[in-house]
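First chain A sits with chain B, and in the next complex the same chain sits with chain C.
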Partner chain A sequence: MPALMMQPDLSNVVVSGPVRTAALTAWQQQGWPGPRVESWRFTKLDRLAAREITPASSLSTATAGDGLAMAAGMGAHAIQIVNGVIDPASLEGLPAGVTAGNLSDDQGAQDAMMALAPPNHPVSNLSMAVMSGGLVLDVVGEVARPLMLIFEGDDASLSAHPVVLIRLAPAARMVMAEWHQSAVALSAPLIGLDLAAKASLDFVKIQSEGSTTSHLAATGVSLAGEARLTGFSLSVGGEMARLETHVTMAGEGADCQLSAIYLGRGRQHHDITTVLNHDIGHCTSDQVIRGVLDDRARGVYQGKVRVAEDAQKTDGQQMSRALLLSRKAEVDAKPELEIYADDVVCAHGATVGELDATQLFYLTSRGIPEAKARAMLIEAFLIDAIDSVEIDNLAQILRETATRWMAQTGLTTDGNQHG
Partner chain B sequence: MAATTQTIEQVEQATGKYKYGFVTEIESDKAPKGLNEDTIRFISAKKDEPEWMLEWRLKAYARWLTMTSPDWAKLDIPPIDYQDSYYYAAPKQAEKLASLDEVDPELLATYEKLGIPLNEQKRLANVAVDAVFDSVSVATTFREELSKVGVIFCPISEAIRDYPELVKKYMGSVIPVGDNYFAALNSAVFTDGSFVYIPKGVRCPMELSTYFRINEQNTGQFERTLIIAEDESYVSYLEGCTAPQRDENQLHAAVVELVAMQDAEIKYSTVQNWYPGDENGKGGIYNFVTKRGVCRGARSKISWTQVETGSAITWKYPSCVLQGEESVGEFYSVALTNNYQQADTGTKMIHIGAGSRSTIISKGISAGKSQNCYRGLVQMQPTAENARNFTQCDSLLVGDRCGAHTVPYIVSRNPSAKIEHEATTSRISEDQLFYCLQRGIEEEAAVSLIVNGFCKEVMKELPMEFAVEAQKLIGISLEGSVG
Partner chain C sequence: MTALLEIRDLHASVGDTPILKGINLTLNAGEVHAIMGPNGSGKSTMSYVLAGRNGYEITGGDVLINGESVLELSPDERARAGMFLAFQYPVELPGVGGMSFLRAAVNARRVEAGEEEVDQLAFVKMVRAKAGELDINDDMLKRAVNVGFSGGEKKRYEILQMALLEPTISILDETDSGLDVDALKIVSDGVNMLRAPERTMLVITHYQRLLNHIVPDHVHILAGGKIRKSGGKELALQVEETGYAGIDDAA
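Coming up: the complex of A and B.
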């Protein structure tokens, strides 16, 4: 039995309240999962676990990266979370229909959070236990102005554990973004999205952490009857990132679109893990995943669609495609169907390969230089997925981030020498 | 469509009783119950094995003791008491038999009921059979004819004595003793199985076949098969299994190793019809099998075709290690579960050689209260330049109390390698069912017809006589799943 991987060291920590105490106990018993844990077989945490880190608990000066500019660009209200601690000043002047509460002393909200959180997950337990900052946002009606949560922090000896629970009342509507740009050692946000009947949420997450940051996110979602979530994640930063999202379809007619793009270079490791629980019938889910990997980067997609007994008339679709640009890059995929009802339509597809040689030939034969042709094909591969985002300003920040990554990787569709 | 008509008849005739659930009353010679070093020494002594073989077994046993039973499969396996089983059971007989006439008639009658072409008269069927009755190969036919072209086809216990160099060289080279829990167990206690050696340039003149059968109560069947195809050779091997009806659960942990050299081809077909347990999930075989082939030479090919309808629990992943350049791996599978059966089966395609190709076609059918899971790995190593894989996994649900699961693992470490994977899950189309019903075909027959259509891509890969049997089995196995 190998020693448990336990960083941060919480052996002398005492937390308040039964929910956080239970989470702490669960963490103490398990630590970080080792490579023999099936759901972590592609993502090893030993490097992270070897790093000495201290959970952050106090606000430092906000570093104000690109997030603020992005928020301004999309006319969003920005809530700043620094080292995982909520900046109270940024909670002033929230858009009409949104009210903020403190999660760290709200037992009911903590219970609700743990009910949503990915079960038995190290981040669910650890971040609930040590919670750098806790926020509850209650949303009613149609919120006119988008909301952006900006996660920052610059102390590489710290781990950030923000816990944010967002509850949409029946028929509430909101557009929101998560922007992650910190330089802490570990960024471990625990996010809960609880959508009541007919609520609707358009949601984008940009993971653009610093190059030595590990980003381990746990997101739990519950959709009541006819609720709709359209989520899109873009994982581009960090040294190692895992974006894990668990969705439960709790009411008939719920619809969940959950797409993601991961872009890796250097020795980056990106992991997109999703679990879609169709607990009830007549719901639809659709996932589109795209990955581009250069240098020695590694990309992982694990997607599970689970259809419970009697969840008839379920439609669950998954499509993951990955492009390898370098000989040393690696992609691992595990799309999974677990089905206990018979009247369902579920499918998944997965492809891995390099750029299509015939497409490349087509473009070069028309006088487009090869480098540009490659960039065009990669851009098309990504834009195709981003185009499914209906909210313009959300699509815009995705497109900008993707284009910026391409430029940094030396893939540019500009500089047209030949026509 | 004679076979389809036959299937319908078969379904109509079927009474829901397991056709092969009879017990042959033959006195048998057993090892003492339980598993320890002495059991292994007993087996080795019974088999009159050389010292090196015993050492190999003991090494495997020591390894097994340090291992734990795998728990990653989507299976609910009750704890197995390895001390509550016999590891060796042989039909008692006075001496070696010179011809088939000397074989216990009761034994022959058993095979007759199973419909195995063992008799001399059945020579016309052109099938050589190495029949494994519990632990000992009782008779081998066609040996002479095969030996004319240099093909060795004999029980593995004989091969250990007669061809020790070949056995030493290849046994455990594809599946090492410590590969997994069940393979280690098999390596320690295997009692018999087949050995096939096809020399260079030889196309085996007939299809080789082994019919496995578990007869004795409380015995595990641990057979071990090793097939070696030298350069430019070809062999097609058929394996079929049945077991009598019993209330206890019996363990079957086989190991099959295939080695294909340059330009060689091995086609391995299985129809697995071990006793699945009754409609309440009582009894049935635990089928925990490790099968792996290695395409060692350039342009070599290994093709696995399996029709799995039996066993209470199946844990089986016939795999290909595609080492040779432009080597080819294929996996065609039909897995059907009914009542309380559980199956977790699939394949692994490990691409190492440049230009290697693999195809996976898997058809899972779940009925009753069964759970059926496809689990497969496609891995492209950095050396697998321009390798290709195509995978298609389709699941069909018959009834609303069963489960169909798909768990593919895809690992690519070479950008020029191409992997395509598709999976779908659905139930029997109501349109198709309606069409059959309104033409007067009964519901059960219609379901069998539709399911056979769903499996057609795999069935066509089976040798003729096997395909017919497999179609019938699917009809019989679905019995009681509708209505």
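Coming up: the complex of A and C.
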């Protein structure tokens, strides 16, 4: 590993069991990926690696954020994870059909988690080894109440390493959200979503971390036959964020809709990285990625769709669009298709640009002041993507979060002040 | 009497190519003028230049609304000064809700006039009343602006905007293109309802048939970036018979 990189202080961490010990060894061998690792070429970890951080080990103070209010607003059961440690009190009264278990001493679940986790990913190894909090949620049947995981914590010297494995039994259905609002140095959640046949999950993640937090998330997903995942991520907070998701289509007829919006300003860095493995035929995946960047913010979209030789009749789509509001904002988009089958429908595309001049002219020709017309088009660009979220209260949270970001960025569709 | 819209020796280019080569036109209150011309004569350029679209260089002349030059004004300022352009190709705005778009436009005009912004409920009533006359149903009003509209629906929606904004100067750019007979009648009726002594209209068209429905007071033939001939409504019929070539020769 590069000598200059600061490592988390692991002296007080107790790593037990073969899975976590193996993960620790892998972490110690590989460390933080340097710029020569292709998948980390656009997202450099120097700033993070230069900070001294200690993995969290005990529950401490939570941050004041919108998570609880949002959970209440959508009638969700909130599970609070503070500095990466699961608050046991919030596991009381889980919705019917959801059972919680402890991942930190469950070898089988740890094995399952590592099988799902993005391979050779620093967070997969480090967070499994360190595991500030480990949770297994087993889901059966149709869960009436949504679940929200709220990740918080205000200690800027800590790194948080929560590991959560969620297993949906055959035909189980659930709506869930991840809300990240911590102020820790490094927030490194490792999340596994394992959907059995015909299971269905609507999933929304909101990354709204504090302004000095690095958010490095590794999410692994497996979809059995006819399982369905609709996932939507909104990355808006943090100093640097990388949301990496690996999905394996493991059974015929599985369907994965993965959308993301990133909103950046100042010197923020947002990275959306996805790998979709179509290991088996007759599955569909669709990714819609949209970004809006102001100031010197930077965005990265890396999306790989891999279609195995036997995975005929695969339909894999990915489309990334980014709007740059400033000349100093930057985007790297790298959609990739790796196809070994011959009877597939796959397409990808990426555009980076400014607002459409014709649309802007149409709005202003109706008397709408230009600043407001711009805000209307930016809002529309975002709302259009959010409208793919079919669960009303999830869509509402996303719209509110996006609108708040716009207001903070000085983009407002209210009022009619003519400059 | 000051003209509502006066175009004085207007020259405009796209890049290095001159398109408008000295247009003179005066539109007084209460008058409807038609501009006819073959493809490539500069009709659409003229409508865009008047509305203030980027990408056209004004190389000479002036455009005045109520006697004041508007060349320095942005498109939204011209619109709030009373100008409206009905687009030949109305623009789709995915994600922009129709009602909030219409309300933003109406309120921009109201704020300019020192009036109160209209509240949502009153606005919905106002839109429904005008939409009914143009055969625009609630479903169309709920959709994103122009998204999923047929050609005829887009044109009716342009006229709805015009009816809501009550412009003093309306420019209709090939509003008849892509319309069948029934749609043409609905659109024309909508336009005729807006004819008023304090307003003027500039109807740009390739074909005479629109002018059977919207009967103009004056007809001008535009070719090669200049007005070649002006006359009454009978000039339109002459074009129908002889084509533009004949007219140009006569000029």
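Following the convention adopted for this analysis, the second predicted complex is superposed on the first by the 404 of 419 C-alpha atoms of A that agree within 3 Å, B and C clash if a C-alpha of one lies under 4 Å from a C-alpha of the other, contacts with A are read in each partner's own complex, and residues count from 1 in each chain.
Note that in this section a residue touches a chain if its C-beta (ideal position, glycine included) is under 8 Å from a C-beta of that chain, and two chains touch if they have at least 3 such contacts.
Worth saying up front: this structure is predicted, and the values here are computed from it rather than measured.
Undergrad: What's your read, chain B or chain C touching more residues of chain A?
TA: B
Undergrad: Look at A:88 in the shared chain and tell me whether it touches chain B only, chain C only, both, or neither; answer first, second, both or neither.
TA: After superposition on chain A, A:88 lies in contact with neither partner.
Undergrad: By the touch definition at the top of the document, which applies to A:309: first (chain B), second (chain C), both, or neither?
TA: Once the two structures are laid over each other on A, A:309 reaches chain B alone.
Undergrad: With the two structures laid over each other on chain A, which partner does A:384 touch: chain B (first), chain C (second), both, or neither?
TA: second
Undergrad: Applying the document's definition of touch, where does A:364 land relative to chain B and chain C: first, second, both, or neither?
TA: Second partner only.
Undergrad: Touching A:334 in the superposition: chain B (first), chain C (second), both, neither?
TA: first
Undergrad: Applying the touch criterion given at the start, work out whether A:372 contacts chain B, chain C, both or neither, answering first, second, both or neither.
TA: second
Undergrad: When the two structures are overlaid on chain A, which partner does A:75 contact: first (chain B), second (chain C), both, or neither?
TA: Neither partner.
Undergrad: Residues of chain A touching chain C in their complex?
TA: Its residues touching chain C are 357-359, 361-370, 372-373, 376-377, 379-384, 387, 413, 416, 418.
Undergrad: If we count contacts the way the header does, which residues on chain A are in touch with chain B in the complex?
TA: Against chain B, chain A makes touches at 38, 309-310, 312, 322, 324-354.
Undergrad: Would you mind writing out the residues of chain C in touch with chain A in their complex?
TA: For chain C paired with chain A, touching residues are 51-55, 74-77, 79-80, 84-85, 87, 90-91, 93-96, 100-101, 104-105, 107-109, 111-112, 117, 144, 161, 165.
Undergrad: Over in the complex, which chain B residues touch chain A? Could you list them?
TA: 72, 74, 380, 382, 395, 397-427
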